[in-house]
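Same chain, two partners: chain A is paired with chain B first, then with chain C.
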Partner chain A sequence: MSFAFNEDQLDILREVMNISLGETTANIAQLLGAFGTMHIPEVDIISSKDLQAFIGRDLSPKEDYHVTKQLFSGHFGGEVIFIISKESSLNLAKNMFQAPTTTEDEINDSVMELTNIVTSTIVSRLAAELDVTVQFFAPTSAIMKCVEIVDEEVLSYSTVIVLKTIVDFQDENIVGNIFVLTKDEAIQKLKDLLDKKLEELFA
Partner chain B sequence: MIKYILRRFKLKILVVDDSKVARKYILRSIASIGIEAEFREAENGQEALSAYKEERADVVFLDLTMPIMDGYEALREIIAYDKDAQVIVVSADVQSEAKLRVLKDGAKNMYPKPISDEKMRTIFAEDIV
Partner chain C sequence: MEVSKDIETLLDTLESGHIILDGDYKVTFWNRWLCINTQIDKRDILGKDLFEIFPSIDAAILKRKIATSFLLSTPTFYDSNRKEPLIPIKRNKVTSGSLEMMQQQVTISPCNMEQKAVMINIYDISEVHEAKILLARQMKKVKALNTLLESQQDLIDKNIIMARVSLDGTMVDVSSKLCNFFGYEKEELLGEKISLLGSSKIPEGIFSELWSRVLGGESWSGELANLTKKHELKWVLLKIDPVFDGDGKLKEFSAFYSDITNKKLLEELYIRDPLTKIYNRAHFDKHFNSLFGDQRKTSTPSALVIIDIDHFKKINDTYGHQTGDEALIVVASILEHSIRSEDMVARWGGEEFVMLLKNVSKDEAIEIAQKLRSKIKEANFASSLTLTCSFGLTLFGSSDDPIESFKRADDALYEAKNGGRDRVVFK
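Now for the complex of A and B:
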């Protein structure tokens, strides 16, 4: 099965993702008590086999990253991977706990909560725009090198919706890489839903 | 008037979320709007249910996505135990379906994460009796 999206489908997906990320930025800004500026997100569809090369373009092979995963299921299902550098996660935890130093547990907790808000807002907004419902599962988190992110489990998904954006919060940069992993059946459902949305818009 | 009298006493508030920072955020917001309260915290639905059965809370702030027992199940269990329980659901899930589901199951209201101080005022002014 082809995972290719046509230009119209990609266009509406980008628009929905823009709305979702705008809402996500507003929510995070409120959480951090800092004004957030979102850069225009890069939205793309790639094969999971190409994900490692894609990740390698932006992430340093020597650095450690917090990698958080959250499963969702329903009318279309999949898994969201949120990647944030250790430096960003430390800044994040200091801000969220309003403390000059933080423990590893607090850093992990901050990253998990940020991920929960980011992924739930993005996916639930996408679902709402497409008039379907999804359910979320609790996220899991681990620290790893970028070459360890794409494992067998990730490769069991066929397609990846790439959402890449940089969110600036005043003095601190929080750079997040978001990947929505989906399987053939889910991607076909997503395409059908996008077509339905297009028909409604241009009816 | 009843609400005014209630505010004269310390409310018992149970905050349920697997994230420590999310619980802290709710506690901070409640304190910042001048509500005097005795707080208890739970990390999942099962802990919340045990805590509620041990001592009823005047208000429960409940997350939905949690390990062991999620917020949907915890809500049903708490309402089955105490049909008058005042449960406010706080979740990053912004789907209307999720809100309809928790309202049907007995929640007083549902708000997207994070809750601003202004929104917290609304909760105590309009949702909680």
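Now for the complex of A and C:
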């Protein structure tokens, strides 16, 4: 099956994602008592085989990253990978805990909390659009180099929805990359949905 | 929030902890698993503030997670790797691990939106966590070993002449040292047959023996003459080892080369006559005596021939030693190139040569000697010189003594000389 999306499908997907990110921003503001906005400068659909090269474009091979993975299952199942630099994760924890210094547990907690909010909002929105129910599993977090992110498990997914996100936490940029890993069946559902929305739009 | 008796019974049977908190964080349900593991009975905790019973819980974090779960209508989670568990529980299972406190996976799910009641679910993941720690330690070791292996591979690549060869003889990988040794670029060798490196000096039969051995899954080693890209002769000790896959099926071969060119040159110097380049007397003696041992196993006789250049002293005196030396070289070359691969010729000393013709009859030996005599007589020598040779020959078999056999051939040569030279005498 081809994972390629045409420009019209991508436009609709960007719109859906923008709505989800709007919700995510509102949720973050309400829950974390704050701040700013969340932008999506880039939405793309790529093959999982190209993910390593894609990640390599933005991430430094020498730097360590907080990589949080969260599984979701159901008719639209997959896994979300949220990648954030160590510096950004430290800034995030300082903001969330309102403290100048933070412990390792607090940093992990902040990253997982943000991942959970982002994942739940984005995937719930997609699931609602697709009219399916999804279940979320506990995220797992690890510190790794960017070359270690794409492992066999990641490659077992066929397609990746790429969302490059910047969260403005007051004056500090926290840059995170979100990758929604899905399988053929889920991506076909998404394509059908986007086509349906296009039909409605041009009917 | 009221929990029905049926649900309470159901939750009490589970092998995990379940707490229900109301909107004021008071405990409204505490299941049996928690009673057992925390030693806190239901009647001692129900209706009480969770943060008062467990002051170690960070209230801000838990409240935030509860708020998140309500807002998103989805579960929220604690990091399963966190060092401080939500509810401190001592492990009661005796394990070899080092975890004293239970490692927990905690999820917080909204269970009554109106009453703001949430269920906190606690799962014991201590064994999984221990396995993860163990795996991480093992992975660290594997990583260290891989680094070591990579550095050793680099060492091998730079210092060992080796190739990986497929079952049809194609080179699939070669070390940098092999490329340097044979003067090729790696790209020029990959995909080529390994026989590209061989020389025509390799005796027939060696390759068939080599391939039948290695395709049978055995190692082979032997000395071979190879050629560099610039056709420079290199002698190598080649060892070929079979490589098997996980199912024990022959996958490919590893070929290891050791440069023995200098050793071979020294050996050649030791066994060859420096002027004529044919074998010397010492090597002939060794071969002759070993042949006598072999001869006992066969009934067909072999011939011993002694050849002497006629009037050689006169040639030296008349034309000089250089012409004499050149004559010796031409005669040696004619003899060497006229015999079969299983025969042997050597310089015995001065103007005398000896020859062994294996498994021949008297008539065949005489015919060969006569042909050689004619060839030498008709050959072109320096200074328009013509020369002749006398041949003394004899046959020897399994019952003969080597010294006696040599004496018979020498006597035959003596007769040929006395009989007027330029002739073959059999005795």
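The rule is simple: the second predicted complex is superposed on the first by the 193 of 203 C-alpha atoms of A that agree within 3 Å, B and C clash if a C-alpha of one lies under 4 Å from a C-alpha of the other, contacts with A are read in each partner's own complex, and residues count from 1 in each chain.
Everything that follows uses one rule, which is that contacts are C-beta pairs under 8 Å (C-beta built on N, C-alpha and C of every residue); 3 or more make two chains touch, one makes a residue touch a chain.
On a predicted model such as this, the values are computed, not experimentally measured, just so you know.
When the two complexes are overlaid on chain A, chain B and chain C occupy overlapping space and clash.
One of chain B and chain C touches more residues of chain A, and that partner is B. Using the contact criterion defined above for the overlaid structures, shared-chain residue A:Lys164 touches neither chain B nor chain C, since it reaches no partner. By the touch criterion defined above, A:Lys197 reaches neither chain B nor chain C. Of the two partner chains placed by the overlay, only chain C lies in contact with A:Ser141; chain B stays clear of it.
When both complexes are overlaid on chain A, the residue A:Asn27 reaches chain B and chain C alike.
By the touch criterion defined above, A:Ser120 lies against chain B and chain C together after alignment on the C-alpha atoms of chain A. Applying the stated contact rule after C-alpha superposition, one finds that A:Lys69 touches neither chain B nor chain C. In the superposed model, A:Met112 makes contact with both chain B and chain C.
Overlap of the chain B and chain C interfaces on chain A comprises residues 27, 30-31, 105, 109, 112-113, 116-117, 120-121, 124, 136, 138-139. Contact residues on chain B toward chain A in their complex (touch as defined above): 18-22, 24-25, 64-67, 70, 91-98, 112-114, 116. Across the complex, chain C is touched by residues 27, 30-32, 104-105, 108-109, 112-113, 116-117, 120-121, 124, 136, 138-141 of chain A. Of all residues in chain A, only 23, 27, 30-31, 93, 96-97, 105-106, 109-110, 112-113, 116-117, 119-121, 124-125, 127-128, 133-134, 136-139 touch chain B in the complex they form. Taken together, the chain C residues at the contact with chain A in this complex read 61, 64-65, 67-68, 71-84, 105, 107.
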